[in-house]
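Chain nomenclature is as follows: A, B, C, D, E, F, G and H, assigned in order of appearance, with residue numbering initiated at 1 for each chain independently.
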Amino acid sequence: TRRGVPEAILGDGKTAAETASLAATAVETTGRAIVTRTDDDQQRAVRTRLADDHPAAEVTVHERSGVVVAHDADFEPPDVAATVGVVTAGTSDAIPAGEAAVVAGEMGATVERVEDVGVAALTRIVDQLDRLRETDVLVVAAGREGALPTVVAGLVNTPVIGLPVSTGYGYGGEGEAALAGMLQSCSVLSVVNVDAGFVAGAQAGLIARAVGSARGEDDDE
Amino acid sequence: TRRGVPEAILGDGKTAAETASLAATAVETTGRAIVTRTDDDQQRAVRTRLADDHPAAEVTVHERSGVVVAHDADFEPPDVAATVGVVTAGTSDAIPAGEAAVVAGEMGATVERVEDVGVAALTRIVDQLDRLRETDVLVVAAGREGALPTVVAGLVNTPVIGLPVSTGYGYGGEGEAALAGMLQSCSVLSVVNVDAGFVAGAQAGLIARAVGSARGEDDDE
Amino acid sequence: TRRGVPEAILGDGKTAAETASLAATAVETTGRAIVTRTDDDQQRAVRTRLADDHPAAEVTVHERSGVVVAHDADFEPPDVAATVGVVTAGTSDAIPAGEAAVVAGEMGATVERVEDVGVAALTRIVDQLDRLRETDVLVVAAGREGALPTVVAGLVNTPVIGLPVSTGYGYGGEGEAALAGMLQSCSVLSVVNVDAGFVAGAQAGLIARAVGSARGEDDDE
Amino acid sequence: TRRGVPEAILGDGKTAAETASLAATAVETTGRAIVTRTDDDQQRAVRTRLADDHPAAEVTVHERSGVVVAHDADFEPPDVAATVGVVTAGTSDAIPAGEAAVVAGEMGATVERVEDVGVAALTRIVDQLDRLRETDVLVVAAGREGALPTVVAGLVNTPVIGLPVSTGYGYGGEGEAALAGMLQSCSVLSVVNVDAGFVAGAQAGLIARAVGSARGEDDDE
Amino acid sequence: TRRGVPEAILGDGKTAAETASLAATAVETTGRAIVTRTDDDQQRAVRTRLADDHPAAEVTVHERSGVVVAHDADFEPPDVAATVGVVTAGTSDAIPAGEAAVVAGEMGATVERVEDVGVAALTRIVDQLDRLRETDVLVVAAGREGALPTVVAGLVNTPVIGLPVSTGYGYGGEGEAALAGMLQSCSVLSVVNVDAGFVAGAQAGLIARAVGSARGEDDDE
Amino acid sequence: TRRGVPEAILGDGKTAAETASLAATAVETTGRAIVTRTDDDQQRAVRTRLADDHPAAEVTVHERSGVVVAHDADFEPPDVAATVGVVTAGTSDAIPAGEAAVVAGEMGATVERVEDVGVAALTRIVDQLDRLRETDVLVVAAGREGALPTVVAGLVNTPVIGLPVSTGYGYGGEGEAALAGMLQSCSVLSVVNVDAGFVAGAQAGLIARAVGSARGEDDDE
Amino acid sequence: TRRGVPEAILGDGKTAAETASLAATAVETTGRAIVTRTDDDQQRAVRTRLADDHPAAEVTVHERSGVVVAHDADFEPPDVAATVGVVTAGTSDAIPAGEAAVVAGEMGATVERVEDVGVAALTRIVDQLDRLRETDVLVVAAGREGALPTVVAGLVNTPVIGLPVSTGYGYGGEGEAALAGMLQSCSVLSVVNVDAGFVAGAQAGLIARAVGSARGEDDDE
Amino acid sequence: TRRGVPEAILGDGKTAAETASLAATAVETTGRAIVTRTDDDQQRAVRTRLADDHPAAEVTVHERSGVVVAHDADFEPPDVAATVGVVTAGTSDAIPAGEAAVVAGEMGATVERVEDVGVAALTRIVDQLDRLRETDVLVVAAGREGALPTVVAGLVNTPVIGLPVSTGYGYGGEGEAALAGMLQSCSVLSVVNVDAGFVAGAQAGLIARAVGSARGEDDDE
C-alpha cells in the first residue's frame, strides 16, 4: 500500500468469479481485500470463495454502496487519531460516498456520516453543524448542481473535498454541473473527479493521517 | 412593444454616434429609449443628442449596469400592481441584474433590489427573507457556481427565474457552471441564457403583468 | 410539499416493487402519489399495491406520458383560479409534456393541452391562437430544432416556458439544439433543462398560483 | 474558376496594401476581383490601386456586407436563366447574406433580396411569400436560434440552403444554436458552416446554373 | 406531401406492430408507405400486414439500408426528368445512402449509385468520373474523416450535398469529424446532419425537381 | 477572514486607481492587503497609495507572480507549525504557483518552493525528493499535459493538491489537458480549477492549519 | 496490402458467421486473415470455419487482445530487420496494445512487449530502460491521464507513438484526457486516436520497414 | 539537446529584447539558436544583438514561417543520411510547416518542400508523386478539413505524420476538423497537435535519424 492507501478491486466489468479470485489473492497477500462497485452476484461469490479459502476472514458487505471489505484473522488495521466526515445531499450519492467512507476507515481514520442535507432545505445542514465542525477533514458528495460543498465550506473551518456525483440528466447532467460548480466554488475547496469516491476518501485519509500523526508527535517525545 | 416588452438598443459594438441616433429615433417614435451595455462615451453621446432633439425628455443613466433610459415629456409609463425582486450574489452581477431591474420597471412593475447575498455566507440571505417573500416573482443572478437561485427558491413561495452571469475562469467559467447548475437545480426554477438580464427582466415583467392584471380584475367588475 | 410543489417519484431505474412501495408510502404520508417515467410493469405494480394497501385511493395512469397519480379518498386537491397551457410540436414530446400537465394540474391549475402544432406547418399554430391566448401561462415543448416556443411567444401576451425535448440525432441531437435555440430565442422566454417536464409544469404551477391568488385577493377583502 | 465558382480574396487579416495588390492581380489575370470582409481602409486601397492599374475597371463597394467587386472593361459576366433568393432575419445577418448575394450574382444568377423577416413576427414572412415562391433556390440566413430557414422551407417548394450567422451570446451563441437548429430542422434543408455566406451563395449559384442550363436545353436543340 | 417530399415512418424505437400499422395507414391515405431504419421483424410485420390489408400493394424491402417501400396498385409515382447520384465511400455508409437513394427515387428522380470510392484509393474515384458528371445533383456519403465530398466536388460541375455517416470511434468519431470536415470543406458543398440520409435525398430530390421542371418548361410552351 | 483564509483583491480587469483604493481599504480594515494578478501600473499605484495612507505598512511585490502583499505596522501574522510545499514544472507556472505560495504563507504556514522539475526529465524530481518529503502538504502546479502531480504523489506520503496551469495550445490547451489528467490521475490527488493558485494555496493552508494545530494540541494540555 | 499494411477485419458489430466468412475469404485471397476485437463466439466460429475451408492454415488466437490471425500453409510472412517495442501502463491497455503488436509483427518487425510500467511507480520504468533503448520505434499505450509516453520519450532516443486507451470515467474519461495529454506532451511524440491500436502498430510497422530496409541497403550493393 | 532534438525559443508573448537575449544565451551555450513565431521586431532585435555579441554567427530569417536560426562560427551541424518531406495544402500552412522543416533540417536531415497541393485539385498532388516517394518520412500539413495527409498516405510507402493547421472558422474551425479528420483517417497516419509544427518536424527528425543511422550501420563494420 503506497502512502497507506490500500489497493482496491473495481468490481465493474468483471465476472463474479474473477472478482472473487482477485479478492482471495488480495487477502492472501495483504491480509485485506476491498472490492468496489459490486452487485449481488459478485458479493455472494466473494463471500463463498473467502469462506472456502480464508475461513477466518471477516467479510463486510456495504449494501448501499456496493463495497465489500474482508480482513483476515491476523490483519492489523492501521489506527489514525483523526476523524473524516462524509456528507451526502441525497440517497443517489450513496455509492461514491460509501466508497469514500470505507477507504478512509480502512486507512485508520474514524469516519462520521452526515446524510441527506441537500441545499434546497438549509435547516437540515444547520442542524448538523456541530457534528460537521468536530471532524478534521470533510468529504462532501453532491450530484445535480453540486452546491452542497460550497455551502458546507462556508460554515466550517476544516478542509473540504468536493465529490461530484453522476446524477442529473440534460445539460450538465451525469455530474458535469456538479464538477464545474465545485471547481467554480466561491468557498475554498479541492475536488476529485465525478464519482471518484475512492480518491476522495483516500485523499481525506491522507490528510487525516497527517493530522493524526501530528497529534501523536508529542507522544514520541 | 410586443407583449408590453419594450424594444431595447444594444450598445455593444455600436459607435457612440450610432447609439445616440438610435436612441433619438426611439424617443421620437415610442416616447422612450432603453439602451443596454453602454460605456461612458455612449452615455454622453445619448445625453447630448437627446438634449438637442428632445430637450423635454428625462434621461437616467444607470452607471453600474450601463443602462440608459429616456422618457419623453408626454411618455405615459405602464403601471402594474405587482413586484419583481432582483437578487444578486456579488458586485460582478451588476450588469445583467441592472438590465433585468430596468426592463421590469419599464414594463410597469415595482422593482425590489436585494444585493450581495452569496451562498458562501448564508446568514445574509436569511436576513433578507422577509423582503424576498413580499415579491411576486424573483430574478436571481449568480456567477461562478450559480447556486444562489437554488437556495433562494428553497426559501420562498414565489416563482424564481435564474440568471447565470459570465464570471469565473477555467472549467465551467464564463457562466457555464452557473447555467448548468441552474438547469440541474434541486429547486424548481426556470432560467435564461448567460448574461441575458434583459430577457430575465422581461419574463419577470410578463409574470408581474399577469399577476397585476389578475389583481385588478375585480376593479373592472 | 414545499411551495405547493408536490414531491414526485422517478420511476426510471427503480424496480416495479421499489416503485410500488414508494408510491404506497407517499399515499400513506401525504394522501397522494405522483410517479413519473413508469413502464407497464411499474404501473401494474403500483395499481396492485395500492389496491391492497389503500383500496379507497383513486389511481390514474397517463399512458402516453408514463405518469401515474394516486389520490387517497380523503385527499383534498388544491384549487387555483388560473389556467396553464401545455403545447407540443409532435408525438415525441408526449412524455415531458405529460409530466408538465400532470404536475400543474396537481398544483391546482386548470390545464389546457394544445397538440401537434409544429413550426413546419404554421397554419396549425394560427388555428389554435384563441385557445393559446386564453391561458395564464404556457409550457411549450419541442424537440429537434425547438423553434416552437419562439413562434408561440411571438403570438401571445402570456409568459412562455420553453421545454426542450430529447429528440433528434447527430449534431445538436438529444435536445441540445432545442435547449440552445430556446436560450437564444428572439422572443422573451425562460427555459428548463432537456426533458425536465416536471420542472416546467411546477414552474407554470407556481406562476398560476401567483396569478390565481391575485385573482382571489378581492374575495378576502 | 472551378465549376464557375469565382475565386474570392478574404480581406480578414490582410493589410490594405496586400488586399489591393491581390485584387489588382485578380483583375489582371481573370478580369474580375471579389474581395470579402473588407473594412474602410481596404476598400479605399483597392479603389486607389485599381484606379491606377486598371483605370477602365468598374469597382462596386457593397458597404453593409464589406464585399468589393471589380470588373475590368472587357470582362464578360456569365448569364444564368435562374433566380437565387437571399433572405435575412435581421440586420446582423448583413455580412454573410451580402456575400451570398454577390457570389450568386457573379455566377450569373438573378438575385432577389428579402430582408428582416424574423420568426418572432410571422406576418412579415407571410407578406413576402409571393416573392419567395418565384425564386429557383433560396439562401436563408439567421442568427441566434436560426429558425427562419425551417419556417421558410415549410412555405415554399424551392430548395432552401440554411446559412447560420454568428450572432448570440452565452450557450449556443456565435451561431452554434443556429447551426444545430438548421441541422435538426423539421423541414428539408441543407446547410453551410456558420458565416459561410460565400459557400451558401456559391452552392445556390451551382443549383441556379443547373436549373438555368436545363431551361436553356431546348434552345440548343 | 409538402414540396413533393413524401412523409416517412421512422422504424427506430417502434414495435413491429406499430410500424406495420403506421405503414398500412400510410398506404390507405396516400397510396404509399416509406419506412426507414427497420429490422427484420419490422420488415416481416409490414409485409404481412400489407398482404392482409392491401393485397394489391407492391412492397420492396431494401435490405442493406433497412428501408421498406410500398406502393398501392393505383399509386402514380411522380416523374422528374433529372438524375440524382448517390456516392458512398464504404459499406458502412449503406444505411443513410440507401435512405437518400430511396427518397430521391420516390420523389421521381432517376437515381444513380456509385459505391466504394473511398479517398484512400483515388483511382477508383477517377474511374467513375464520367458517371458522376452525368448526374444533375450528387449526394456523397462518407464516415470517419469524411473527405470524399470534398474530392468529388473538386472533379464535377454539379452541386454536391455532403452526407456525414456515424462511423469512427475516439475523437471525432460517430460522424463528428465527417460533419466538421464537410462544413470546413475547401470545395463548395452544402451538408446535412450525421446519418440524415432522408434529408440529403429529399434535398437532392427538390433540386432534381427544379432542374427537371426547368427541362420541361419548353414542352409546355 | 473566514476559516483563516484571507480575502484577496483580484487585479485583473480593475484600473490601477481602483486597485490601489481597494488595497488601502483592506489595510485600513484588516491590517493587510493581498492583491493578485497585478501589472506594473497597479503595483506602482498600490505602493504610492499605501505610502500616503499607511506609511508604516510594509509592502512586498512578488514580481514573477504579480502578487502584492501589504502588512500594516501592527498586523500580527498568524503562525502555523506546518510546511506547505509548492512545486512547479516550468517558468510558465509562476503566476498561479506564486499565488498559492503567498496565500499559504499569509495563512501562517512555512512555504517551501521546489521549481522546474518537469516530468520530461525525471532526475530533477528525484534529486528533490528529500525536500518534498519534509513538507506536510504539497501544491503541485503543471501546465500542458499536467503529469507532474501524478509523478510526485507516487513518490511521497503527504497529501498532494494538483494545480493545472493554462499553458498549451490546440486540443487540450489552456490547461484543459492538465485539469483532465489530474482528475484522471493514477495517484491519489485532489485538484482545483485551472490557474486557481489562490484556491490551491488556501486549501493547503487549511490542511497545514489542521496539522499545525494538531501538533500544538499537547501544548494546551 | 497498401504500403505493406495488411487489411484487418473488425469483429465489432459483426455476427460470428459474418466474421468467419470474411476471415475465410481473406485467407483465400491473400493467404492471411487478421481479425480484431473478437469475442469467444467469433473466435470459435473463425477456427471452425477455417478448419473446414483451409485445414492447412495456422490459426492463432490472442486472448487478452481479442485478435485472431490465420496464415495459410503457403503464406510467406514479410521480414523486416527492425524492432518495434510495445509498452503498456496496465492490464486495461491489453486490447489496443495487443492489436499494435500483432499488426507490427504481421508487417515483419520483431516485436518486444514491455508491460505494466505505469507512471505512478517510476522504478518499474527505469528497470526496463535497456530493453526500451534497444528498439527502433516504440508504441506506448496508456489510459486515464496517459502520461507514460511523455515519461518514456524523455528516457530514450527512439521515436515514440502515443496510443491513448479508453479507460477512466468522469471528466476526461474514455481516453480523452490521455489523448489530450499526449497531444500536449512536453516530450516529442506523435499520436493516434483513442484505442487505435491497429493504426499505432501499422505506423510503427512502416517506420520499422523504413529502418529495416535502410539497414539492408548495403546488402544490395 | 535530448534525443538530438534542439531546444527552441518561442517568440510568442515575449518582448523583442527578451527574445534577443535568450537567443544570445542559446548561441553562447550551445552554438545555436532557433527562435519560432517571431515578428519583424523580434527578428531585427535578434539580428542586432547577435551582430554585437556573436559577430561570427550566421543568422537566417525564414520570413514566411517566422523562424530565426543562428549558428555560431564553430557550430557543427549534425548530418543524417535521410530525407524528410514537408508538404502543404496552402499558404496558410506556412508557419507550422516552416517550423517542421527548420527543426528537421537542424536535426541533420535533408528537407524537401512540396507546396500548395490541396485536395480540391488532385492533379497537383499526382504531379508531385515522384518527389514524395523519394523521401524517408513525410510531414503533411493541412488546415480546414485536413484531408491531404489521408490522400498522400494512400499514394506513398513512407510513414506520414499529419500536422493539422489552425485555419477555418465556424464548427470545426481553428484546426479542430483537421485534427479530428487526421485521427479518423482511413489511411495509416500518426498526428501531432494543431499548429505543432515543431513537434511534427522533431518526430520526423527522430525517424530520419533512425533510418539514417541504419543506413550507416554497415559503414561502421
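The rule is short, and it goes like this: a contact is a pair of C-beta atoms (placed from the backbone, for glycine too) under 8 Å apart; a residue touches a chain by one contact, two chains touch by 3 or more.
Because the structure is predicted, anything quoted here is derived from the model rather than measured.
Repeated interface: A-F and one of D-H, C-E or B-C share more than half of their contact pairs by residue number, and that pair is B-C.
In this structure, the chain pairs F-G and E-G differ in their number of contacting C-beta pairs, and the larger number is found at F-G. Annotation: 49 Å between the Cα-based centres of subunit D and subunit G. The distance from the centre of subunit D to the centre of subunit F, each centre being the mean of the chain's C-alpha atoms, comes to 53 Å. Per-chain CA centroids place subunit A at a distance of 38 Å from subunit C. Contact of a single residue of subunit A with at least two other chains is seen at positions 2, 120-121, 153-154, 170-173, 176, 179, 183-184, 193, 196.
Contact residues of subunit D toward subunit C in the complex are 89, 118-122, 144-147, 150-151, 153-155, 168, 170-173, 176-187. Those residues of subunit A whose C-beta lies close enough to touch subunit F in the complex are 2-5, 82, 136-137, 153-154, 156-159, 161, 183-184, 188-193, 196, 199-200, 202-203, 206-207, 209-212, 214-215, 217-218. Against subunit D, the residues of subunit H that register as touching in their complex are 120-121, 169-173. On subunit G, the positions that touch subunit E within their shared complex are 2, 164, 166, 175-176, 179, 193-196.
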